[in-house]
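First chain written, first letter: the chains are A, B, C, D and E, and each begins at residue 1.
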Amino acid sequence: MDIASLIGIIAGSGLIILGIYQLTPNFIVFVSVPSLLIVAGGSLAATLLSFSMKDVFGLLRSIIAVFKKQKDNLPEEVETIVELSPIARKSMQELEKSLANVGNPFLRDGLQMVVDGYNPNEIRDILETRIENRTLREKGDANVLKTMGKYSPAFGMIGTLIGLVVMLYGMAEMATSGEDPMAVLGGGMGAALITTFYGSILANMIFNPMAVKFETRIEKQNTLQLMLIEGVLLIHARKHPLIVREKLNSFLRPRDWKKPEE
Amino acid sequence: MDIASLIGIIAGSGLIILGIYQLTPNFIVFVSVPSLLIVAGGSLAATLLSFSMKDVFGLLRSIIAVFKKQKDNLPEEVETIVELSPIARKSMQELEKSLANVGNPFLRDGLQMVVDGYNPNEIRDILETRIENRTLREKGDANVLKTMGKYSPAFGMIGTLIGLVVMLYGMAEMATSGEDPMAVLGGGMGAALITTFYGSILANMIFNPMAVKFETRIEKQNTLQLMLIEGVLLIHARKHPLIVREKLNSFLRPRDWKKPEE
Amino acid sequence: MDIASLIGIIAGSGLIILGIYQLTPNFIVFVSVPSLLIVAGGSLAATLLSFSMKDVFGLLRSIIAVFKKQKDNLPEEVETIVELSPIARKSMQELEKSLANVGNPFLRDGLQMVVDGYNPNEIRDILETRIENRTLREKGDANVLKTMGKYSPAFGMIGTLIGLVVMLYGMAEMATSGEDPMAVLGGGMGAALITTFYGSILANMIFNPMAVKFETRIEKQNTLQLMLIEGVLLIHARKHPLIVREKLNSFLRPRDWKKPEE
Amino acid sequence: MDIASLIGIIAGSGLIILGIYQLTPNFIVFVSVPSLLIVAGGSLAATLLSFSMKDVFGLLRSIIAVFKKQKDNLPEEVETIVELSPIARKSMQELEKSLANVGNPFLRDGLQMVVDGYNPNEIRDILETRIENRTLREKGDANVLKTMGKYSPAFGMIGTLIGLVVMLYGMAEMATSGEDPMAVLGGGMGAALITTFYGSILANMIFNPMAVKFETRIEKQNTLQLMLIEGVLLIHARKHPLIVREKLNSFLRPRDWKKPEE
Amino acid sequence: MDIASLIGIIAGSGLIILGIYQLTPNFIVFVSVPSLLIVAGGSLAATLLSFSMKDVFGLLRSIIAVFKKQKDNLPEEVETIVELSPIARKSMQELEKSLANVGNPFLRDGLQMVVDGYNPNEIRDILETRIENRTLREKGDANVLKTMGKYSPAFGMIGTLIGLVVMLYGMAEMATSGEDPMAVLGGGMGAALITTFYGSILANMIFNPMAVKFETRIEKQNTLQLMLIEGVLLIHARKHPLIVREKLNSFLRPRDWKKPEE
């Protein structure tokens, strides 16, 4: 995650806390152990019923990978390929030597296949299968997060229902014993609503944003890797660097196009 | 279902119960026979109107199958195929003998077709049709569960409406006869809300998690079986084990790749 | 509709009525003529604005067709084709004589085309166009039902809003004239909620289940008819019954596979 | 729009009005100028932010076109093509003369291309592009309506929030000055709810039904025009009328099939 | 944005303000700093967790681009291509000279490729890749807006929950100390609702309309650019202007067709 975003997130959270503080300096009213137990327990149980322990732990590993600073720089990778294309036109041995400097493992594997003499159809086939299967796996991870983002507000509402039922029966008892039921309404309903609050915060501050992050990452990775396949095949065809650049530019925003140095 | 998940589910449910216990030790307030009759009866009737008795019973059989521990191990099946490939390069008779040790019935049927002399297009055709039709059938099962996951909260809400109407008319009668209607509000509304509670619990603890489990299982089975088709065709083409591994590796996460033993 | 389902639906409805009875024996509180007029009138008007009279009446005809007991038996039809395949290998005259015994009109038309000497591409073309257009028409019917399943709760809510507005203005008048507004709150709100209740019941007991039934029927019919096309083409190619069975088996669950009688 | 539907819509609206009349003869409580201003103003502003003035006015033109009685009669157009096919087998001059009697402009343009000597691929290409682009344009129109059907209840809710805030602050002021806040609760909340009522009526009686009408019309037009392309190509191939009928019948319900007159 | 729309938006907003003014001239009750902090802070934090700072700033750049008056005029571009087609039939040099007058950069790049001697498949390939990648990037932008349109009402609701909890605990304290809790109910709940109001306004007046604008723009750009590809290829094939017009007309509404000047 880039530092700018991190600052933004901290600032955003700070604004919320400041907003709450202006309403009440008494943060303790938002702490409710039963509410936490119901939301966390319910979400955990429903998630493990929906997926397996292995899926959930695999997700944790993926989350760490995703929140590391992404280095997918489409224009830069186009540049790398354009620079490699005259080398490949010279000789395969030269290309093989340059492979050590290629940072992206997907590109490196593709070029290795060019060096190893695979034909274009095989290269496209193998690499597209890799993209498809990575997409499927990462959509699976995003799906776990989206599902958790649905369960947590659902259990928030279930907790609120539990709280309301308990409170309303309490009020009924008080009314029959002659006390004023309104006296407990406030606190009881406040406690009931905290469970919904927990569920919404979990969904909208944690699960949903992470699910969106996974999904946009899949899209970006796919665009990048589809461009890399195109680039590997252009290198395999020993195309002139000018044509390589023209073709790969179609993956970039016009404002990111570089003029060939002539 | 793996044991780890089972423990997780029990722990999760335990947390909910602990949370409720902290609110009230009087669990009996959550037991309401009319609420149960309305939610269960309504969901049953709506489900049988949407599907047939046969669909619903077929689903029970599928649920049992799904919750048995899944043995789909993609890297292991890749290994099996890589090990079979040199045998097929030797002779078809050898391959036929090895078939008895192949655990996965889909792979075994595919290899049997190789032995029986079907051509690659026929093999791909028959096996892809099997995948398509299994997918359709399992999506049908998942659809029954998803539909039940929509009906149960709907009938929860219908039950709450019924409870509220009964309570409000009761209050109106009390008010006209001079009693304090607030005395019954608490208990009546508590009873009404329990139906929504039942509907939500059914949807979020049973129907929706099972529907998600079915859907993720379909995805995983499809990835596995598509890989098996690819593997069967590579064996049919008598490809070298190194190339078989390279091609099938594109179905795996890079961290699951095995180096060929040389 | 199979008898088992019918019993299930009656039992389910019985449970709801029993549940309501335990809350109040006074079913009359759930009868509200204005509520019925608003929900029924609104749904009718919105449906006729969305579709034409002809679409809505065509739907009635389709509903009757769908609720008749479905006789789509995939394994049985596979058996029929396997039995016809040796006849077709003998002579077209024999096949034409057997056509009278073929129950499924789609299969009969396909085989008639084989007898009439159409080529495989023409047969596939004509039959796939029939599937596509049947699907489109039936999706249209399902869409009418789904739309009604959205309008009825919407007009339920509109009716409740009307009821609440009327009640609240009534309360305001009573308050200004010195009466206790709480006295009318109960009955007024109960009456208002009945409209939502009607809308939910219509959607969840009638429109949505029927829409689901239409949609699952489309899927099942498509699977069946795609299998029949495959079967007709195998008969056209005069394939051996063993191969016909092998190919068509891929449309069935493995547990429905029949061993060829040898 | 067919007259039957028009009667149905008037009857439906009449039922709603009758229902409301039974609740209160005082229709004036449903008239609220501020509510109307908020819902109409908000929906207008949001729609013009989402689309351009030109899109919104273009929609008005399309609405008028859609609500005119639709004359798409699939079986009739099949008959027209079957009748034209022997003419085309005789001579192109004869076909060109008959074109003046062809009512459907899409069919006429297609046959004109046959007369002008375009080849089948060009004809299919040009006509399919026309279908695609008409679909895109009409989906755009439907999308404007669907978006308005989402904004109007949203602004209904925003208006209700405004009304509630105003009312609650008013109650707070009365309570601090010693008056009974309950006296204004009724009327204030009634006024607040009317905005939600307006938003729901606009969405469910106007925008959503029209959006559905546009979408079903797109489907029907596409089925018709795809059939016409098929028919034009069969005429181009100078097929026998019996085969033309057989092929085009696959676009019709079996009950609409006509037997060829022999 | 066209001026007509701008006037419409201002008029729409004016109607809302007029509507509110009729309810209360005291606009200050709608200003709540804590509400603003919670909604803005929460939406900011959740958006930056979902995307990166770079995505969000890139969006701002795109918004400015989108709200500039769109000059996509499909019929006009068709005319341009029809006018260029006889020039290309004469000589490539003439076509190259005319390129300076072509306003649309996508069309100009396509024609430049024709001049540079690329073959039709390469031209189609490169230009379609550009469309695909522009679509992906712009869908990414629209997705940021749609996500913000989901977060802002969610944090509106979270803010309302916070406000309600604070208010209810305050009421409970007052009740135990013998004061009338109803005195604070009004103002407290009013303040709580303002957060939902802010969230709804942000979503329905800013984020959702902009997201819709982006999505419709993508569709229109794609139709235009697909037409331009077709036009470039027709020019490459040196087709007669009459045929160019006939083919490109299929992208236009029939009422926008121009008769060729003969």
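One rule holds in what follows: contacts are C-beta pairs under 8 Å (C-beta built on N, C-alpha and C of every residue); 3 or more make two chains touch, one makes a residue touch a chain.
Predicted, not measured: the structure shown is a model, and the values here were computed from it.
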How many angstrom between the C-alpha centroids of subunit D and subunit A? 38
Rounded Å distance, subunit C centre to subunit D centre (Cα mean): 24
Residue numbers of subunit B (touch at least two other chains): none
Work through the pairs of chains, note which ones touch, and then classify the graph as line, ring, star, complete or other. ring
Could you list the chains in ring order, beginning with subunit B and heading to subunit C next? B, C, D, E, A
Touch list for subunit D against partner subunit E, complex: 33-38, 40-55, 105, 125-127, 129-130, 133-134, 136-137, 140, 143, 147, 150-151, 154-155, 157-159, 161-173, 175-176, 181, 191
For the complex, give me every residue of subunit B touching subunit A. 1-2, 4-5, 8-9, 11-16, 18-20, 22-24, 26, 29-30, 70, 180, 182-187, 189-190, 193-194, 196-197, 200-201, 203-205, 208-210, 212-213, 216, 219, 223, 230, 246-247, 250-254
